[in-house]
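Two complexes are shown next, each including subunit A; its partner changes from subunit B in the first to subunit C in the second.
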Partner chain A sequence: MKLSRGAILLLVPGVGILLAFLVLPLANVVEESFRLFEPGRIGAAKDAPYTFFNYAELINFTYLYYFVETARIGFIASIVGLILGFPIAYVIARRFTPMWRKIGVGFLIGIMFLSTLVRVYALQLTFGPTGIAKFLTGLLGVSMNGRFYTELVVILGLLHYLVPIAAITLLGTIQNVNPRLTEAAQALGAPRWMAHFTITIPLCVPGLLSAFLISFTLCLSAFVVPMILGKGKVLFVSNLIYSRFSEIANYPSGSAISIIMLILSLMIIYGVTYLVTTRWIKH
Partner chain B sequence: MLQRYIDHFGAWAVVGTILLTVTFLIAPIIVSILMSFDARSYLGRFPPTEFSFHWYARFFSDSYYLTGLKTSLIIAVIAASVSTCAGVCAAIVLDRYDFPGKQALETIFLSPLVIPAVVIGFSLLLFFALIGVFQGYPRLLAGHIIITFPYAVRTTLAGLTGIRKNLTEAAMTLGANERQAFWDVTFPLARTGMVAGAVFAFAFSMDDVAVSLFLTSPQTYTLPVAMVSMMRTNFDLTIAAASVILMLFTIGLIIILDVIVGLERVIGGGVYRS
Partner chain C sequence: MSVVQLKSVTKRFGQFTAVSEATFSLNKGEILSLLGPSGCGKTTTLRMIAGFEEPSEGDVLIADVNMHNKRPYERNVGLLFQDYALFPHLSVKQNVAYGLKRRNYDRSQINNRVGEMLDLVKLDGFEQRRPSQLSGGQQQRVALARALATNPEVVLLDEPLSALDAKLRQELRIELKQILSAVGASTIIVTHDQEEAMSLGDRLVVMSEGRIVQQGPPTEIYKNPRTKFVAEFIGRSNWLRGVLGPAVSNNLCTFEVAEGLALLVPKPEFDAPTYEVCIRPERIRAGNAASTDGAASVNRISGTVQNVAHLGADIHIVMELASGHRFTISEQFIGQSMDQYQGLLECTFFPSDCIVVAADS
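The block that comes next holds the complex of A and B.
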């Protein structure tokens, strides 16, 4: 149907919400990111001169480090999340009876829907000093307050929601792979592990890629997990933006970091999605 | 022979990994539930030796948490209603009309999903400071509406595209006008998607920390924000009790979702199910 006047009226609330609460605020952030900041103020002065300083400052090693660390930890967590999620999805899709499948899916959705804070607090109790921290650090031979253990707990915190998300995403993929193909490979003499590695997994590549993408973008914007479980030692870019607001009120610098972070996440999401859909899914 | 051993070993390794992963997913939740009933008056080591409800009593007598819970519920209800209404209107247009830039408009409507929450919170903070709004409620509402709006659009759109167009055409052939066809045929069929969207919006509003942390005022804060500040300063188990209460909310929402949509539909059918 062609757009009528009534239809345009229906679009008004949605467009209004986006304009007022997203587009205008983001435009303001772009403007603020070019303002000069004087230490001690809250935000930039109304008539502060324009500058590239807030962006130039980010090329500094200390700031690049936050971006690299976020990407590195996010990458590790996403890959591990896929490795742990795939077998769960496979078993639910292929080995379970309908009743167990429903229980399995309900369990995954339940874990996925769990409030972030509930999750983070539960992990803190379990992997902190009140839980198995002493045992685990003794086993690994590391310090409980050391960088390694903190990073491990942050990765576990990310995995606690990445695993169910990866498993649910892959469930759909695995259900669409014909099991007869894997069986055929086995009938022709391939051992089971080889049949899975040469048939099942390659056929799941589009699903694996999209599950990885979802996981990785979630990691890049993770905020609560590093804030609570990172204990100030492991900080993501989100936490850097928050500290720009809460600790030193340097809004121009926070704006510049926000813009860079926004561009990076949009590039990854739309760029890689485009690549994936044109490369794999269309064929 | 070796191949058989590898298969055997591989199968056990996979089963072991699955069991370990499931334990990792469940154990922390059980730990926090048990700890919330800990009778000790301090944050001791797991497991608790005796059980009591005193952390729950503390939660329900602490005005800091109760104010947070009340604010969270008010914000979540208003934000979910506003986003659902606006989202349903937008989704109807996106589903039924063709116009240039439709695809772009849909991408923009869904864009708050892919913008990091911290960036949304930060930009709203600056924007409200610019226009001189410093009260908690309008700022929190704006933040929660913008993060829940895309869920409302997406689920309604998914519900609408599932309805075959010829049902509406049949109604119109039988003499209904466009408006009647919409209210009598399309709307009842799309209701599931709309309710699911509202449930999602409510859940995400109740859960948000990243956006709310920027937009709270000393008097107006949500329950998750109250919990975060308690986690950083306080070492008692009232937070565990609060967690269990939030978990009950989650379970309630999942049951609602299962009743109105069916959990199976959330993941789709698939062609080759065993």
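The block that comes next holds the complex of A and C.
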């Protein structure tokens, strides 16, 4: 690849900003994560010695639990988001008239522009002890303070933006699938549901994969939702990082957790992509 | 025995009537061409037979069973789409096997049938290919094998050759006909191409604006089109509008077109305020034919040659008559010189070559 002088000139500002404000601070975090922390200080001392302690400390069931819980709840929420988002996208792409399609897409984008904080408190009001859900939980015999209920509310909070994102991502994919294919399948004797499971969904795997990856990464970095709706019972790694940095000012430990989270996220994304592309996307 | 029967089938989409009172039937082993310009309702008719649209009125019968409210997968119909609609994520073999699997054939039956079908369409050895790795003609054959694999009661082909280039289309037309007659499939072909309709179909059903305007064997329709639309849509034609004159014999009468231009035409069996006469270009002979035929009742016209186009086997001559009418004449090329087609040209045709239809008001 050979770039002309003009192209290089155009690239310099963007690459410069990326280096200055993204790579350098991240390098700073990496460096900080290897510094020894003395309790009582704010961050590590300038000349603090290097150590692996911040990482070694994380090999502990309590910390591991945060990572596993974040990934587990994020995974469930992403899958549920896909399952709920797919039919919405399908109906908008296939059944709506062009005008209703615009309204539908506008509505989905509109939901995403709504402040996370507003949405989360709306859920808190509805599903908290003062909301209408109290009646339902009482009826079903579910404790509102129980772990299950809290987790459910956190997942609902995540779905609030995962569903529109999944639907918008899948919209294009579904539009690109030739509608004649399901008709061909039906003419060959497949009922409609079978035609969708054998033809439409397999052809949407690339779109489902990208929708899943977007949803999952959003879940992993979710912060406000678990903080407010989790009520201290359900905490994500982001909340742990936050408390390290802001509550006990242990910057090195917070940095180490951040780096681990970054590496784990990249590994999961790569792993899922590899699995899906080798298994299902062959053509 | 008729495999498919349509009994005054009407389909409306809101205010728009796509198909109006369509009645026709398809006999066992027959190939029927549903012919008409785009938007004439032929594809809607096909989709009603396949079960993707429900008629607003009338009945569709397949094998004497009323298909009312029967879903596409509850009918035994083989469908070939214009764009083939091959499943891109499945191999050729899996595509052909799709319908067999839905009908619960066991593994060895599926393998046998797929092999048989690919043999029929001359694609053995292509089992593991993906549709994207095939040429247009090969894709069409896979789609045909897929549609025929389940032994459907009726095979429906929607513009089967329109996605291919002209040369391939001719080859595949012959091949398609051979394959369909080899399996004895009762077939309905939807097309807007009159050559395709005539060469493939044992019978034609011509549609215009949602209505069936004429049906019958291709030769019959070409020779005796009942309306101007049918005559113009099927084949090339020259038109003269005029007044019917007195009868000159039992079956001939005069036809006054303009001053100095009168023809002898077959006596029409219907009444109309005005008539039009159609003469096919290939029925007109350039030069003086009377000397060779000696027939007394021959129509003569003469005009100035305006253009001569040599198209290979045919020569198309455009001439202007003294009355101002333009005529196209088609002559076979048998090595003659083009020089004879210039200046004032005399032409002849027989009264029996004139097709009289009622003029559109």
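Here are a few things to note about the model shown:
The rule we apply is simple: the second predicted complex is superposed on the first by the 248 of 283 C-alpha atoms of A that agree within 3 Å, B and C clash if a C-alpha of one lies under 4 Å from a C-alpha of the other, contacts with A are read in each partner's own complex, and residues count from 1 in each chain.
By our rule, a residue touches a chain if its C-beta (ideal position, glycine included) is under 8 Å from a C-beta of that chain, and two chains touch if they have at least 3 such contacts.
For clarity, every value in this text was computed on a predicted model and none was experimentally measured.
On the superposed subunit A, the positions of subunit B and subunit C stay apart, so the two partners fit side by side. In the superposition on chain A, A:Thr130 makes contact with subunit B only, not with subunit C. In the superposed pair of complexes, A:Leu188 makes contact with subunit C only, with no contact to subunit B. Contacts of A:Ile199 after superposition: subunit C is touched, whereas subunit B is not reached. In the superposition on chain A, no contact is made by A:Val272 with either subunit B or subunit C. A count of residues in subunit A touched by subunit B and by subunit C gives the higher number to B.
Of the two partner chains placed by superposition, A:Leu58 touches none, neither subunit B nor subunit C. Contacts of A:Val142 after superposition on the shared chain: neither subunit B nor subunit C is touched.
When both complexes are overlaid on chain A, the residue A:Ile248 reaches neither subunit B nor subunit C.
When the two structures are aligned on the shared chain, A:Gly106 is found in touch with subunit B, with no touch to subunit C. The least CA distance from subunit B to subunit C in the superposed model is 9 Å. In the superposition on the C-alpha atoms of chain A, the part of subunit A touched by subunit B in one complex and by subunit C in the other spans residues 178, 191-192.
Residues 3-4, 6-7, 10-11, 14, 17-18, 21-22, 24-25, 27-29, 31-32, 35, 43-46, 82-83, 85-87, 89-90, 92-93, 96-99, 105, 108-109, 111-112, 114-120, 122-127, 129-130, 142-143, 145-146, 149, 153, 203, 206-207, 209-210, 213-214, 224, 227-228, 231-232, 239-240, 243, 246-247, 249-251, 253-254, 257-258, 263-264, 266-274 of subunit B are the ones that touch subunit A when the two sit in their complex.
Contact residues on subunit A toward subunit B in their complex (touch as defined above): 1-4, 7, 10-11, 13-18, 20-22, 24-26, 28-29, 32, 43, 84, 87-88, 91, 93-95, 102, 105-106, 109-111, 113-119, 121-127, 129-131, 156, 159-160, 163-164, 168, 171-172, 174-179, 191-193, 217, 220-221, 223-224, 227-228, 238, 241-242, 245, 251, 254-255, 258, 261-262, 265-266, 269. Residues of subunit C touching subunit A in their complex: 50-52, 71-73, 77-79, 81, 83, 85-89, 98-99, 102-103, 130, 132, 146-147, 150.
Across the interface of their complex, subunit C is touched by residues 178, 180-181, 183-192, 194, 198-199, 202-203, 282-283 of subunit A.
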